[in-house]
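Listed below are the structures to be examined.
Below, subunit A partners subunit B and then partners subunit C, in two separate complexes.
Moving on, here comes the complex of A and B:
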């Protein structure tokens, strides 16, 4: 609570919090803001026509229609849900794998620790984005096929952090005491060690949501992630690629295809980074003005 | 020190073994058709002739272990397979594209390091003053900017509106000039080669093409560099020895340059290594946006066409670079920070 109070007190992080709240509201009220057609998949952006050329904003479609007459406003609203979903799923699984492997490694030590840490090293020497591309080129594009390798190649820092934290806590008296009275290993890990070492890791993890959304959208932009017409910001921006140079004499004719989805992405990521930045200052007692 | 280097280099085969097993396991789940292309290094795979015959010819129905050893043996001999999306062997494709990416990365690293460190120091010296707030907000906004959004914006303004920075790597006429016999290729990097050939018109053309992608890459990493330098400097400026230096009556500017900066740059070195790797990976999107024919564009094109051998080849290539760069960073680290003993 103390942390939250300080986040609100700092003007920069307060702005971040408000921005984030705004996106949460959009995601929650998406069905009201942009009602999908009865019986159709809400994550498919409706098409308002069949011509290829984007249509500029009008009273009916306030943010305009991008290539193929996909509704930009609808895509941005439902794309917010996609962004949260992707970010939260990836982070949760990364943290989970990291916590499990890190705590096993630290608690048991010895050969098991050595093996698990070498394993971590190997995963870390794999170029992250390239690894995702390898996976996608083998199993084909798709949002799930992007998320799986992002999880598989992203848990290592958390495993290391948890391991470090546990190694420090393991020697604390209350853990030694618990072991002395014969508490089982599993119970010591889950009841005594994890609650005291997990918090900083979870915070760190949640601040990564912004950058994960960038990675996933980037892959969608390359055509490796969400399929055409899916409510995903990166996918919408890949449409913009064909139109951003406008036409002779009016180069900025299709500005709305880049600006609106781009703005949504930047603000979303910005909100996480603003909070994360303030958070780091709060957590680090050495940087006090 | 030497034994440390040897031990670290010995880790390289371990990493490559892990990666190849992982990739092999993934590929094993594929249908025979894609496998054909992955395991045989010739254009045979492109002629959609007799699949059965090809499978027999290259023993593709062997047990996995035998296939794996043969594949690795091929890799060790530089045989990375046939790339369907670029119509040449993967090795050849990497050889041709790598200089372009290296050129891009090198150009981007310079402004990032100089600008990032400079502004990071200024920001920390004026901690919580207006300059600090301004640079911080600028940095965090840039850092929140996805590379493809920034790239699209730069292309729209730099090429669409101003017409200064065209996409691609060279104009058509320069492309022809470079391919001529009289143009000697030293490094494969056009800006450097053209200077060595005293062809300033080509140099100018190459420069015009490279500025926009370099700017895009540099903006993102500049923000990153600034943040690291700033927090590291803040940390150091609060240390006792800095207070001692000030108490001795040294000028503030001497304190910062002589006492604080050297120590503050230690963590920055590690980050610089990561940055180089991030840049090499990050070029995939920037190269695609600017249609710049480097390794990144090669990979993303290959991936969208499900050209597995090409993507796998590039991945292995990157893995080797990654291990080597990390080694160099660790060595640099011990040179800069005498407290670090490599064992």
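Moving on, here comes the complex of A and C:
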């Protein structure tokens, strides 16, 4: 609660929190904000026509229709859910794998540490983009098939970070004290070591949620991610690809195809980054009173 | 066949350490090949009687803390044996038996600023040993914690506070309460007061002595402050570079030291008496590296009485002729007459 109070006190992080809350509300109330058609998959953006050329905003379609007459408003609202889902799932698994391997490695040390860290090094040597391309070309495109390689090739920094922190905390006398009492290894790690070493990881995680959304959108933009018509901001930007330059004499003619999905993404990433930044300031022991 | 011996109380040994060794490998290069060892503890033997306080003194890096940690298996000893007298049974203390002995052996740490988890309340810190050893009932737990806190001079109001809200002395009291939670018989105190202000040191020492009387505790008291040692210990072992050089009753040691190193240590104690114009013995040079100890007697490069035999032969820790309770590791223990010290 102390953390939350400080987050609210800081103006920048308060802004981040409000922004995040805004997105959370959109995601939660998506069925009310943009009711899907009865019986159809709500994550499929409805098409309001069959022509290719985007239609500018109107009273009926407030944010306009992008290429293929996909409803931009609907896509952004339901895309928020996709953004949260992708960001949180990928980061949670990355952090979880990293924390488990990193803490085992650091706590037990020796040969086990050596093996786990070399294993980590091997994973670090794969470029993630190639990993995704290979994975998708084997298992086919789709959000889930993009998330798997993003997790598999993204947990290593967490493992290293947590390992380093634990190596420092492990020598503290309160850890020795717990061992002298006879506390089990599992409880020593979860009660004494992790609470004192996990915060840098949480900060990193909150900052990365934003950037994961960008990565996945980028992959969708390349056609590796969400299938056509799926509510995903990257997908919507990829629709805008052919229309970004407008037409001769009127460059901004199709601005709405880029600005709205782009804005949603920028604000989403910004909110996480502001919170992560504030987290870091709060958790820095030198600032702590 | 031997019957179980029932020795007279007070002469019973609670802890026996024999030839304890702890070497740390020095590893170099890509393949971490071992190029040598740091001999932190190199063949230490002593016995602690039930109910007494045995002091373990020496300068920084002489292995006294490591000895303490090896006894409760916080460090895995490289060699030697440790026995603990559990209700008359002599049990070896090893990594596999330590679990059942944790209740009987506890540890008080040196630095009260790092020995308490900053994210746990005092209640949780003191309750942790109880919870770990099977106390589940919440009210029972709380009662016991309050009882322990009041035994060390803290009150129930402190339960929900965090370590950073306390002074150094209070923190050390919390550390003592935690060590006492399981009703141990032996408490290893690793320089329990050296991180505290002098005024607070006296309070904590008095507390430790009161608790000893109240609970019948036995202390292994690791320290480097000789006046503290004089005040709390019954017997003292002086360590130098991983070995015990002298071991005897505290009065005998201070009045009648037999090892040149002990004499040099004593000459460094400031005596608040202007008429006391003792010549100070300044030890030349540094403590040699424990990774490359000198030949023969460890102390010979700095000893002002050193002879050629000291360079060649390692003196064994043996009793002097006049006092069988006075053990010294010096070739010339019988010949030298060294200066003791009087502490008022």
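The rule is short, and it goes like this: the second predicted complex is superposed on the first by the 254 of 289 C-alpha atoms of A that agree within 3 Å, B and C clash if a C-alpha of one lies under 4 Å from a C-alpha of the other, contacts with A are read in each partner's own complex, and residues count from 1 in each chain.
As a working rule, a residue touches a chain if its C-beta (ideal position, glycine included) is under 8 Å from a C-beta of that chain, and two chains touch if they have at least 3 such contacts.
Here the structure is a predicted model, which is why all the values come from computation and not from measurement.
Enquirer: State whether subunit B and subunit C clash or fit side by side on subunit A once the two structures are superposed.
Expert: Partners fit side by side after overlay.
Enquirer: According to the stated criteria, A:237 is in contact with first (subunit B), second (subunit C), both, or neither; which is it?
Expert: In the superposition, A:237 touches subunit B alone.
Enquirer: Does subunit B (first) or subunit C (second) touch A:196, or do both, or does neither?
Expert: The answer is second: A:196 touches subunit C but not subunit B.
Enquirer: If you tally the residues of subunit A touched by each partner, is the higher count for subunit B or for subunit C?
Expert: Result: the larger residue contact count on subunit A belongs to B.
Enquirer: Pick one for A:102: touches subunit B only (first), subunit C only (second), both, or neither.
Expert: Neither partner.
Enquirer: Classify the contacts of A:181 with the two partner chains as first (subunit B alone), second (subunit C alone), both, or neither.
Expert: In the superposition, A:181 touches subunit C alone.
Enquirer: With both complexes superposed on chain A, which partner does A:172 reach: first (subunit B), second (subunit C), both or neither?
Expert: A:172: touches subunit C, not subunit B.
Enquirer: With the two complexes superposed on chain A, say which partner A:128 touches: subunit B (first), subunit C (second), both, or neither.
Expert: Only subunit B is touched by A:128; subunit C is not.
Enquirer: Which holds for A:277: it touches subunit B only (first), subunit C only (second), both, or neither?
Expert: first
Enquirer: Quote the smallest CA-to-CA distance from subunit B to subunit C in the superposed model, rounded to whole Å.
Expert: Minimum C-alpha separation, subunit B to subunit C: 7 Å.
Enquirer: Under the contact definition given at the top, report the residues of subunit A touching subunit B in one complex and subunit C in the other.
Expert: None.
Enquirer: So in the complex, which bits of subunit C are touching subunit A?
Expert: Where subunit C meets subunit A, its residues are 69, 72, 74, 98-99, 102, 106-107, 109-111, 114-120, 128-129, 132-133, 175, 178, 182.
Enquirer: Would you tell me which residues of subunit A are touching subunit B in their complex?
Expert: 12, 118-119, 121-122, 125-131, 133-141, 210, 214, 217-218, 221-224, 234, 237, 240-241, 244-246, 251-252, 255, 258, 262, 265-266, 269-270, 272-274, 277, 280, 284, 286-287, 289
Enquirer: Give every residue of subunit B touching subunit A within the complex, in rising order.
Expert: Interface residues on subunit B, with respect to subunit A: 11, 14-15, 18-19, 23, 26-27, 29-30, 34, 127-128, 136-137, 140-141, 143-149, 152-153, 155-156, 159-161, 227, 231, 234-235, 238, 277, 280-282, 284-285, 288-289, 299-300, 302-304, 306-308, 311-312, 314-315, 318-319, 322-323, 326.
Enquirer: So in the complex, which bits of subunit A are touching subunit C?
Expert: 172-174, 176-184, 187, 191-192, 195-196
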